[in-house]
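The same chain A turns up in both complexes below, where it pairs with chain B and then with chain C.
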Partner chain A sequence: MKFRNMLLLAAGVAAASGTFAQQAQPKPETLIKWRQSAYQVLAWNGARIKANVEGQYNKDEVVRAANSTAAIANSGLGALFAPGTEQGKGWHDTTVKPELFKDPKKVGELAGNFVREANELAKVAATGDQAAVKAQFGNLGKTCKACHDEFKNKD
Partner chain B sequence: MKFRNMLLLAAGVAAASGTFAQQAQPKPETLIKWRQSAYQVLAWNGARIKANVEGQYNKDEVVRAANSTAAIANSGLGALFAPGTEQGKGWHDTTVKPELFKDPKKVGELAGNFVREANELAKVAATGDQAAVKAQFGNLGKTCKACHDEFKNKD
Partner chain C sequence: MEHGAIWDLPTRLFHWLLVAVGIGAAVTGKIGGNLIEWHGRFGLLILGLIVFRVVWGFVGSDTARFARFVRGPRAVAAYLRGEWQGVGHNPLGALAVLALLALIAAQAASGLFANDDIAFQGPLADLVGKEASDRARAWHSLVFDGLIALAVLHVGAIVFYLRVKGRNLIRPMIDGGEARATGAAPRPHHARSIAAFLIAALVASGAVYAAAGGLLPADAPPAQCAPAAW
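On to the complex of A and B.
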């Protein structure tokens, strides 16, 4: 399953999404807006989890945030990096480096790490163990940073 | 579980989120940006599901999109409508009507309908039955429209 996700993500980045083949393919600007939005939802969930592991812990909220994170990680974000979206403006100019579109193997590896740790966080969140969630949240954060360092320009 | 979600959502709208109590509460503009982003991710997932039920059907993609939709529906979006976010600019000026902040009972009812139908869509998507997904996607869309008609200004 993990390897399959990695493949799906890599394939999504390497090739155009076939989903919209029968219909008008969304404009590159729309895809960029959607991907910028997806990462903002991840940021929201991350902020909530951070607040919980550093302060008063609400298991239900952490579960919701972790499940949402995992579902987005598993949602096939690669399709939002379709050819044609190398440059352009969604909510703002894309901050993706051109290298992302040229190295599907590396992207697949980093994306696979992200998916794996996000799914693990959802499992750990279900236990309600604050310390374990804090540790796993750290592991997830490392996979975010690794990809940003490689493929994201500074805002 | 459904009623509990409804209560959580209603509570999230009626009262400020307590999550960030120990830390700096995110700025209203940040909360507005996050909620606008969350609805864009729902729009992305909706567009994918629509393309699938109207064209060539890819069960895996529909499952991913439906699971992401359900996870966001269950994620506690009400917290993004905290007091102080009645007006303001996230990615753009908020399109939420002032009435949303004054009628938690109605909001809870409409939000509960949305959560229920999103969770049902995730279940139906898992069956891979294109016609059933199309029908349930229609049921979900009605709950989106009901809330937009009541509480969302035109863009």
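On to the complex of A and C.
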């Protein structure tokens, strides 16, 4: 009897740890939510940098937004495009194109450009004036667009 | 305005401004970055040009009027048989003109509601919400492909006339040309009143003002949130 209980317990632990092991690999829906959220934060940062370069310039605010952008750019976003997330719903249906998963070289190149310009923006925000930030913000925007043109559906 | 010209000055100005600003809009739209702001301005200008041309199609000179150059299928068939005699757009070309005007209008209209998911949106995007704005973006991109195809066809037809049929249609679009009176087609009557021009310009300006968000309630939330303490 005792032995059987112990066996059952062992089986239970094994089953539970199996479940945990699976939970360490997030569900596709979660991954898609995370990447959509990360991009939304990029959009938030972009919106406040834009407001600052077009109107009253608040350097602290621009530095915060630029640092946040650079941090997200360097966070390893590629991990959120794991196999199994080609289709599906996060906060809403993913708009990623299947090509992104088939052309790692091209994605790597476009993502690399984005990281480079984001880092540069953080640098310019810390040291440069409004005009320099505005110009660099435009350079960053082009790298967002380059990737969207290639790998994001229009709607 | 000059008598006997095929195209009046406003129609010619409309055409070449449209070509210039249209190229500007296409290039800035493709490049993006900070130029997207100019893209929006060029687009609004084009919208104004189109509205002007539509009004001019009712109050302008003969050859600019829709009622005169837009003809039925019988006229198109007659033209294809080589029996058309007239001044201005031929019955087949008229269809291309209408299609061009309609597509350009659709291009500009969809842009007003679109967004780029980066840092720019059309001035009316907030009116329809994000989902509809995303759909407007899809249309904006789709219509552009159609517009390019039609523009290539348009310029191709002009080149075809020049090279194959030996008729230079470009010259009249620049200097107005000289309409010959034939029995079938009297010399075009020209709008002489500056009032017609002013009406068209006024309607176009009003349309641009509204499209740029001029009629939206002024109590919209401020574009810039105050920086937070934390």
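Definition applied: the second predicted complex is superposed on the first by the 131 of 155 C-alpha atoms of A that agree within 3 Å, B and C clash if a C-alpha of one lies under 4 Å from a C-alpha of the other, contacts with A are read in each partner's own complex, and residues count from 1 in each chain.
FYI, contacts are C-beta pairs under 8 Å (C-beta built on N, C-alpha and C of every residue); 3 or more make two chains touch, one makes a residue touch a chain.
What you see is a predicted model, and the numbers here were worked out from it, not measured in a lab.
Contact with chain B, but none with chain C, is seen for A:Leu80 once the two complexes are overlaid on the shared chain. Counting the residues of chain A touched by each of chain B and chain C gives the higher count for B. Judged by the touch definition given at the top, the superposed model places A:Pro26 against chain B, while chain C stays out of reach. Of the two partner chains placed by the overlay, only chain B lies in contact with A:Asn67; chain C stays clear of it. After overlaying the two complexes on the shared chain, residue contacts for A:Ser37 are found with chain B alone; chain C is out of touch. Legend: residue contacts after superposition of the two complexes on their common chain; A:Asn52 is shown touching both chain B and chain C. When the shared chain is aligned, chain B comes close enough to touch A:Trp91, but chain C does not. The interface of chain A with chain B overlaps its interface with chain C at residues 43, 47-48, 51-52, 55-56, 58, 60-61, 64.
On the side of chain A, the complex with chain C involves touching residues 39, 43, 46-52, 55-56, 58, 60-61, 64, 134-135, 137-139, 141-142, 144-145, 148, 152-155. Chain contact summary for the complex, chain B toward chain A: residues 8, 18-23, 26, 33-34, 36-38, 40-41, 43-45, 47-48, 51-52, 54-56, 58, 60-61, 64-65, 67-68, 70-72, 74-76, 79-80, 91. By the touch criterion stated above, chain C contacts chain A in their complex at residues 31-36, 116-119, 134-135, 137-138, 141, 223-225, 227.
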